[in-house]
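Have a look at this one.
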Amino acid sequence: MKLSQIYSILGLEFSGDDIEIVSLSSLALAQRAQMSYCDSPKNTKYLADCKAGAVLVSKDMVDIVKSRAVVVENPHLAFAILSKHFSKPLIREFKPSNIDESVTIMPNAYIGSGVTIGKNSLIMPGAYIGDNVTIGSDCIIHPNVTIYADSVIGNECIINANSVIGSDGFGYAHTKTGEHIKIYHNGWVILEDCVEIGACTTIDRGVFEPTIVRKYSKIDNLVQIGHNCEIGYGSILVSQVGLAGSTKLGRNVIMGGQSGTAGHLSIGDFAKIAGRGAVSKSIEGSKEYGGYPLMELKEWFKTQARFLREFGNKNSKKDQ
Amino acid sequence: MKLSQIYSILGLEFSGDDIEIVSLSSLALAQRAQMSYCDSPKNTKYLADCKAGAVLVSKDMVDIVKSRAVVVENPHLAFAILSKHFSKPLIREFKPSNIDESVTIMPNAYIGSGVTIGKNSLIMPGAYIGDNVTIGSDCIIHPNVTIYADSVIGNECIINANSVIGSDGFGYAHTKTGEHIKIYHNGWVILEDCVEIGACTTIDRGVFEPTIVRKYSKIDNLVQIGHNCEIGYGSILVSQVGLAGSTKLGRNVIMGGQSGTAGHLSIGDFAKIAGRGAVSKSIEGSKEYGGYPLMELKEWFKTQARFLREFGNKNSKKDQ
Amino acid sequence: MKLSQIYSILGLEFSGDDIEIVSLSSLALAQRAQMSYCDSPKNTKYLADCKAGAVLVSKDMVDIVKSRAVVVENPHLAFAILSKHFSKPLIREFKPSNIDESVTIMPNAYIGSGVTIGKNSLIMPGAYIGDNVTIGSDCIIHPNVTIYADSVIGNECIINANSVIGSDGFGYAHTKTGEHIKIYHNGWVILEDCVEIGACTTIDRGVFEPTIVRKYSKIDNLVQIGHNCEIGYGSILVSQVGLAGSTKLGRNVIMGGQSGTAGHLSIGDFAKIAGRGAVSKSIEGSKEYGGYPLMELKEWFKTQARFLREFGNKNSKKDQ
């Protein structure tokens, strides 16, 4: 899309060099033919090195970006509005698929266009394989699983029934009057080899880049993995775990049932989070944690014991 | 159904005016051709003004309802038993559908009878659109979504894969010996315009009236919305939130991941609930809340800090 | 499979009596033609009475099992490796089905081979009924429900949309280098008569035996029931409850929304767990519980009150 068209969509008057913008990206990743946005003073540090051909900024950031600045009142909102125009169509142009002759596709499964499926994989009834999806060899896609377009599934993966891979991330920009404008997600999901996903689990696609579940990770039922998460090698997420967007797990992390994380944080290699643990900031690896607020597990047990001694007793001094 | 038949179903001997009862309703909503029930002393205040042609009551309430009283030992149980007889059939009589010619219906989607779908909407593979459902224009119903009969979806709505709209609410009456008798729900679900629903989210239908999600509300993955809830304009429910039945959210309420509410309470406009927050009673708007027990968020942070200072320290005096 | 083949799979040198092993089982259940494993000193007490024809043990347990010992470094891991070889195929050999002529099967439903369905049951669009499943009479299987092979559903059961019955349990053995080897589950799921399951709920099959939901139990939306659980007569599980594996609930247990349990514990008859309650060890029946750590509900309320008095007050002494 020509930059002048983008100005027109945003209701701005165009002047300058009318370059072609092929897609949107983050400040860190954007290339010359891409457009990015800066919506917060804490991200201005990325502006100097940003290679984007155009950047949505507020008035006070113009000096940093100079001629590449597209000045708007609310850069995040302008980005959301544009994201719809740059989103890939849900149904793509026809491309031939490449499905190994040893693959079994059962009745009522839907296979999109441009799909690749490796040898001996099984696609069960009601499964939806979106356009441009790649599935490796020896995979089992159970009934009624939905795999959105562009997802990449490795070899020997098992996805249990009714799970959803690659759904849109939960991201919106907000107007002054309280409406929420959808940010269309052009990222995708990668499951590496030997990943197993339980039933009714949801893994959202990234905004620009993939959400990744690394090799040998095992994910139970009813788990939520937000956009742009990365789950390290051999990690284990027990049922009803919830990861907010951009959470990064190291290798062999274990998260117990109903535990959860806030977004934009990291958990170190070999960390263990007990069931119900609530991770609200980045934590080191090779330790066990639990509780809410989260602390080291042995501290959580001691804290509970002290707390109960003081407050839980029927004859507590505090109650007299 | 004749009132005499209702007596017969309940094993009661009939006398009086054999009026026609067309459906069941609540004390507040019931009209002359409807039947209602009063199962609790705290609801007797509604009896005086109730317009129902017949009311299931216990012996002690007869004087208030007089000739309209249908006296039973357990009015709630009698109501549940009758609800099956008044429930709408899952598959309705055939009625022609009204689907705009610009609508795309992909393979393996099921479209019931009497369905209306507005222009440019997309129904993806494996989606189930029950009888008498209305879907507006420019909607996307992703693969394997189930929309139960009678649901009403506005314009520009997106429902992500494998979500369920309009499932039966979780309501039962209980026998003395511990069996649970299903209350058939004749309500429905309304999603107003520009609502987005995540993947594997469930929204139950109301008992008599609709469960409502108002315009511009955005609901993430794996969220539970109980029967008779109302979600106000532009509200945001993050992943794994759970709302018990009859919860009313004002406009632009934000609920963080894994937070939840008890039933029959209201949350004021512009309230924010932090992740994991547990709302157990009605709360005012325009404030931030968090924690369990719920309190104002800044208090929750202070409380946590005090608590950790006292109990969380390895050298805590309490531990000596 | 001959025992010599099993040795070969495990890379061991065979000697002795080359008996036929037909399946794997637990120490307690195994019969002469089965193989079992003992992976922990606390289970050696079962070894003496174990009837298995062969038992995977570590070196130090050889003396107890004598000639039946199959000595490996990690019996649990060896068991996991073998479980794949003994797993039933996902798609079984063709057997005729036995579907009553009064059954309604709607479009796009998939009915496997060897399926039995009783009179008047309704199978809605997109439902998947795996091989060898039995469904009683007067059942409703809503759209896009997935019922894995071998599940047994009683009479008058209702399964709401997009739920999953009989998915593989979440069980793995772990290598020294952090990979997880899947334990194939040959158990199944039994729902007794008059059970209702909500939408997007998941019930995993047992390892060797069934996961059981007893008569009249009612389970809401988005509930997780792990492998080998047993839910007693007339129990009620509200939305987003999570039960870890091998949890045993007595009769008429009630668990509130978002409550959960650790695994391998039991809850007594008529116990009530408040919403969010976290059950970490076995508890007696006929009492009400709540909180985290779990305590009797009235104590939880008092404890909260004392805690808030001490820590929650804006003018708390602790803050000075």
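By letter and in written order, the chains are A, B and C; residue numbering begins at 1 in each of them.
Everything that follows uses one rule, which is that a contact is a pair of C-beta atoms (placed from the backbone, for glycine too) under 8 Å apart; a residue touches a chain by one contact, two chains touch by 3 or more.
Just so it is clear, the structure is predicted and the values come from calculations on it, not from any experiment.
K.L.:
What is the set of chains touching both subunit A and subunit B?
P.N.:
Shared contacts of subunit A and subunit B: C.
K.L.:
Pick same or different for copies subunit B and subunit C, depending on whether their interface residues overlap by over half.
P.N.:
different
K.L.:
Go ahead and note the Å separation of the Cα centroids belonging to subunit B and subunit C.
P.N.:
Distance between chain centres: 30 Å.
K.L.:
Counting only residues that touch at least two other chains, what does the list for subunit A look like?
P.N.:
Residues 108, 126, 144, 162, 200, 222, 240, 258, 292, 307.
K.L.:
Okay, in this complex, where on subunit A does subunit B touch?
P.N.:
Going through subunit A, the ones touching subunit B are 90-91, 108, 110, 126, 128, 144, 146, 148, 162-164, 167-168, 170, 172, 178-180, 182, 200-202, 204, 222, 224, 226, 240, 242, 244, 258, 260, 262, 278, 292-293, 295, 299, 302-303, 306-307, 309-310.
K.L.:
Across the complex, what residues on subunit B touch subunit A?
P.N.:
Those residues of subunit B that touch subunit A are 104, 106-108, 122, 124-126, 140, 142-144, 158, 160-162, 194, 196, 198-200, 216, 218, 220-222, 233-234, 236, 238-240, 251-252, 257-258, 275-276, 292, 304, 307-308, 311-312, 314, 316, 318-319.
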